[in-house]
């Protein structure tokens, strides 16, 4: 491993002690990455300058974190959900100078599901569509952002989303297409939070040599984007 | 086969040429029954006096049919959905003189499901509950009467029902119980209309020797009722 | 409607009184087609020369039917399942002179599912795959031909097929892809035999102006084939 | 809290550093219990005498652990899977002197499912039955012990079990009953290992004041057992 390669594996995390943050730190370590910068609501760790940054914190911390990211001036992966319109605008301006990956869902399977759903939607012209999502009882927003994303991927109109809240189900999304005489269902179930950490790892591998710009996780997965 | 037994197999049907009516006539024939009286919006057939009557017509025909049933003075099975409160009252008065079975759903499996759901509900005290129903796109009422019946069978409060409308799905009902760490689902899918005809056949076998009174399909299936 | 158009709607059916045959005759009638030739194990009807032929009979009748088809020398749609290798060879030779559509499953949804499964398979490289099929208790072959077709559409090796036999379930096929942390399932359920009749109707519309050749139902659905 | 109560919360664990062991230690701590004895393949911890013992280790360690348990002479909960017939015999002999709870599955939901399945089986006399289980790709035994338990709870014969191995699915069991025209499915999905730790906690609360004897987890859940 040459030095530049090693250096590329030094990274920083905002929100490193949160649920997702810990999962990220653990997976990146397994893959030879080293957390050289970390920030949380109680502490800031800095061993050296990171080659890229990951934000796994909360929307309320975003603005401060962005200022710090600006100083480091390295690629940024944003895995915060619930950013405001204004924060999204800020992030897009930022991406004019620095490469950014942003997504509400870093699960690879959800990206694959989105493709399948678009594909099915095109082929099943007069069929009905129903979107269903099941999440743990603690989830307050209804419907989930991912269910909205699925709905928006479908060209048909007036699509109904059913939201179920059950125990501690990690996350399940189903799109059902119904024709006269047949039903096609596409379901994605998440069985662990690690899935999201893996999507962030893929994003890190993707962004390290990209030019300035705003990338979605779909760009990462499909490796398609406008230069 | 003695004569009284044979006579008990002579029956009449209101709405004999409708979807359910035809299914009933076909199944009863297979089981050695003979339709000796039939009535529809276009014709009335009368070969001899029926030993019992089945009403598979529509709520708008109910009052007239009840008058005819009163003249025959034989047990009556009512498989019409959407009876008004007033019509139900009339039917209950009628049942003081003549045995009546009435239900919105003559599927045996739904009765079994109701028992399972009650059983699970008692055992799963702090679990969340979600009811889902899927029906064909032509079904206008949301939620289905059967979903309401399932909801009412559960002692927990504030139960959410999700209704999906898809193609020509015959009818699917699911109750999901979610605890922390586990989910139990109970699903009933109807795959043909014959199921309902079979419930009506069971009701015919049940009612032929019963005393006056108002019986539900649950009484038929569980053979439990107050004398 | 000009005469040639009308003439194109005159057709013949081998096995016209079987389950699928009756469904085909009924659907084609609704769409303005006229059965001018019919053959069954007990009778042969011939009003005039058909513009195309459909074989909904059984493998044991295939050879005789093919001889008759040869005399009519019109496009042929073969919806028989369980043809032998030898019969398939014969049919392919026949297609050198006359356009033929052959498939084991004329459900449009299964074709869409096949595309989705191939798509998912390419994207989900290291994931496990499981194929499941549920059919009525009367189905004797295990696994179903459609399950084999799904398995063959997937490039991974050693794929397990689970076969369930239950009541009178019309037909349900599921392909599950499992990664570490997520599962994607694609399910197709048939809810009526009409689906297959509709696939045969699409095939009739497709084949009427095609040149000699052997076409699959996938060619019909995707309208892609080598000239 | 009086002293005896506190003392009852001192316990020991064989296999305290394994996957299930850690989950048990963590949950028991949350509930005010104190691990005063622990044993593993690398170390033995002993602070004081435990009031009861839990064996979360492996079948190969069972015999040695049982000898240690004999010395402590306190109630024992055995959560090891894959005990040999001989080991089960040994455990039963042991239970003549000391109360024992043994089960292959300490999930409360699976016990409830067993009851539902028995209930459905009795009501659905001529229906077909199919058992399906889905587990992570690392599970080597096929079918799962729980699937066998479900099969044995059903009085029908020649029941087929389908086993799917997918990603890291924690555990899903389904029993489907199929009649002519309807299907009833009962599914249990585990979403975390904590479920099992909670079953062990219930067992600890149950066994602390029981007399010598061999108890199943079903006895714990239903609180029914012969004295």
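Here the chain labels run A, B, C and D in written order, and each chain numbers its own residues starting at 1.
Assume contacts are C-beta pairs under 8 Å (C-beta built on N, C-alpha and C of every residue); 3 or more make two chains touch, one makes a residue touch a chain.
These figures come from a predicted structure and were not determined experimentally.
Any chain bridging chain C and chain D, meaning touching each of them, is among A, B; the list is complete. In summary, the pair chain A and chain D forms a contact in which both copies contribute largely the same residue numbers, shared numbers making up over half of all those used. Farthest from chain B, judged by the mean position of CA atoms in each chain, is A.
Averaged Cα coordinates give chain A a centre that lies 38 Å from the centre of chain D. For the pair chain B and chain D, the distance between C-alpha centroids works out to 42 Å.
Shown for chain A are the residues that touch two or more other chains, namely 167-169, 179-183, 191-192. On the chain C side of its complex with chain A, the touching residues are 107-109, 112-113, 115-116, 119-120, 123-124, 179-195, 198. In the complex of the two chains, the chain D residues touching chain C come out as 127-128, 130, 132, 134, 137, 160, 162-169, 176-183.
For chain C in complex with chain B, the touching residues are 167-170, 191-192.
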